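The letters A, B, C, D, E and F name the chains in turn, as written, and every chain counts its residues from 1.
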Amino acid sequence: MAALHIVNKADALPDCLPLLADGDALLLIEDGVYAACADIDANAPCHALADDLEARGLMNRIVNAIEILSYDGFVELVERHRPVVTWSR
Amino acid sequence: MVISIAVHGAPYASQASRSALRFAECALARGHAVHRIFFYHEGVLAAGSHGVAPQDEEDVHAGWVSLQESHGVELAACIANSLKRGMLDAGERDRYEKPSATVHPRFTLVGLGQLVDAIATSDRFVTFAA
Amino acid sequence: MRRKRILFLLTRAPYASARAVETLESVQVAGVFEQEVSVLFKGAGVYQLLEGQEGSAVGQRTVGKILSALPEYDVERIFVCGPSMQRFGIEEADLCVAAQRLDQAEQRDLLAGQDAVVTG
Amino acid sequence: MVISIAVHGAPYASQASRSALRFAECALARGHAVHRIFFYHEGVLAAGSHGVAPQDEEDVHAGWVSLQESHGVELAACIANSLKRGMLDAGERDRYEKPSATVHPRFTLVGLGQLVDAIATSDRFVTFAA
Amino acid sequence: MRRKRILFLLTRAPYASARAVETLESVQVAGVFEQEVSVLFKGAGVYQLLEGQEGSAVGQRTVGKILSALPEYDVERIFVCGPSMQRFGIEEADLCVAAQRLDQAEQRDLLAGQDAVVTG
Amino acid sequence: MAALHIVNKADALPDCLPLLADGDALLLIEDGVYAACADIDANAPCHALADDLEARGLMNRIVNAIEILSYDGFVELVERHRPVVTWSR
């Protein structure tokens, strides 16, 4: 099964990106969602949590093909991936 | 699916506790079993019963208590990390002769074996970092 | 109370912690106590200035609204680091309050005149 | 010279409290007046009287209490930041009907005006960030 | 207890907080409970491996000593991120315990085989 | 009077360096001392706190002309500078 990578600080993204494998998924939450405002060179589908984007005023600042998720979508990602890897600083 | 969750950050210092609470609520709503919430590092501060939340902000501690009451989810705080941060249940209060317990009774203080057990027993283990 | 020149140096993004809100509360109090207050948003702190924030989405107060009310506390000297805005791709039109953009030399001058700096 | 100090980080979560304590001790030894230690944000957790420090680590809370007892330095914790983090003195315990105070009596809970006053009254203001 | 493959991902420098020590305590417990434990030091976490640490200088336990004792808890699979070592100018001779250096592809393989990851 | 810049995280140094003015001093403490292991392009005297270097095993890893200080030296720097600016992340 492929991994879900959760990034909760934009600064933690560079550590995570080189470890994305085929089938893995990337989820930006909390301060990780600021990374959705710049290009992400990831070979995996990228998602970001709606609540965290909305709080920070980022809904209209997203570049790229990033899928916006509710917590329901978050749980669904966890269902489909193992292990769940959290990247922080 | 059986899911366990770790919370590493304190309320107000990080979003970890609130994010984990929302995730747990949603996992339950989707029919999963949430086996254990393990509060680790500063995360143990969510167990404190003495906090007075600002009126214009969400009370995450109350949210955990409410989740426990309505779904029976185990709220387990690392006992070693709790003790040094002043989070005591009635037993530790007596042992260290402190004037009162500071942990809400819906939380339990447990050893790190319960973190390993949560991982071993669950299909998924999700960490909410500080 | 003696009147001092106090700079609040705000370098953290809002919402991941209560730090931004709690620091802005001391900015308000310093204003009420008639200190010579300046506020500089720098690094990830510039995110506090973004328009369109909605703190209730994460159970918190909205930092942008607290900022908009600073003039009521006689806090008028609001500055933002130009290079930080550029780094994060933020334009003046994206800000929720009027903040004077400073380059590095201007920030050096701002710092040099302070009696104290409060890091946020 | 009159010096005031701000502490922004909690014990165990950051070095801020210990670094500030060492700095304050040394400033006193050099003949300075340490007017006020202002505990802000997570820094207020250093005021807690219920913590049990690990035996092989320095007890920073005890260090602050000892500094107060020997030099009379004012240990002032932001009252708003304390309340939401469960740091209550006897007055707040009564007001919010909590079972006990959690702040050591050598610490006082004060408003943010005392932060501004510390800056206005001192020749130097040094922040120990989280 | 079921035996799982658990990776501890240690990405923080020691001493600024108790996080490194507290995480290593759970590594020990996982070893005692006969889990299939791996430990990966990455980013600023590689600083935990530096030789010559002396925690008592800041009133704390010495992280390097805790690491040296991991084999007593049957934790033998200790890895370090090669690119992180290079970034911080750390050579193998600087490390206080033997850690197997992994490049990015090897780290991907390590992650792929895990049941759970504990972030430190 | 010139400023003292205290850096307690190595990552905060890039924000600080461009603001160093003539006569200012730089002091690395806590996780800021890791910056003493690489070149620092500062037009100001650089200091680092001995306790924090020693804890981390960095005493023999310092490059550059960095002065190692006790807390006594820290207080002395504060005596000679105003304002004291703390840089963190």
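Observations, loosely collected:
Assume contacts are C-beta pairs under 8 Å (C-beta built on N, C-alpha and C of every residue); 3 or more make two chains touch, one makes a residue touch a chain.
Everything numeric here is computed off the predicted structure, so don't read it as measured data.
Averaging Cα atoms per chain gives one point for each, and the point farthest from that of subunit B is the centre of F.
The interface holding more C-beta pairs in contact, when C-D is weighed against A-E, is C-D.
Same-residue interface: subunit B and subunit D share over half of the residue numbers found at their contact.
Each chain gets one centre point, the mean of its Cα atoms, and the points for subunit A and subunit B are 24 Å apart. The distance from the centre of subunit B to the centre of subunit C, with each centre set as the mean of the Cα atoms, comes to 34 Å.
In subunit A, the residues that reach two or more other chains under the touch definition are 8, 30, 51-52, 82-84, 86-88. Annotation for subunit E: residues touching 2 or more other chains are 15-16, 18, 44, 58, 60, 115-117, 119. Those residues of subunit B in touch with two or more other chains are numbered 8, 12-15, 41, 54, 57, 80, 84, 124-125, 127, 129-130.
Against subunit C, the residues of subunit D that register as touching in their complex are 6, 8, 40-41, 78, 80-81, 84, 111-113, 115-117, 119-122, 124-125, 127, 129-130. Per the touch definition, subunit A reaches subunit B in the complex via residues 6, 8, 29-30, 51-52, 70-72, 74-76, 78-79, 82-84, 86-88. If you check the complex, the residues on subunit F that touch subunit E are 8-9, 30-31, 34, 37-38, 50-52, 54-61.
Chain contact summary for the complex, subunit B toward subunit C: residues 12-15, 18, 54, 56-58, 60. Within the complex, the subunit B residues that touch subunit A are 1, 3, 8, 14-16, 19, 22-23, 25-27, 29-30, 32, 123-130.
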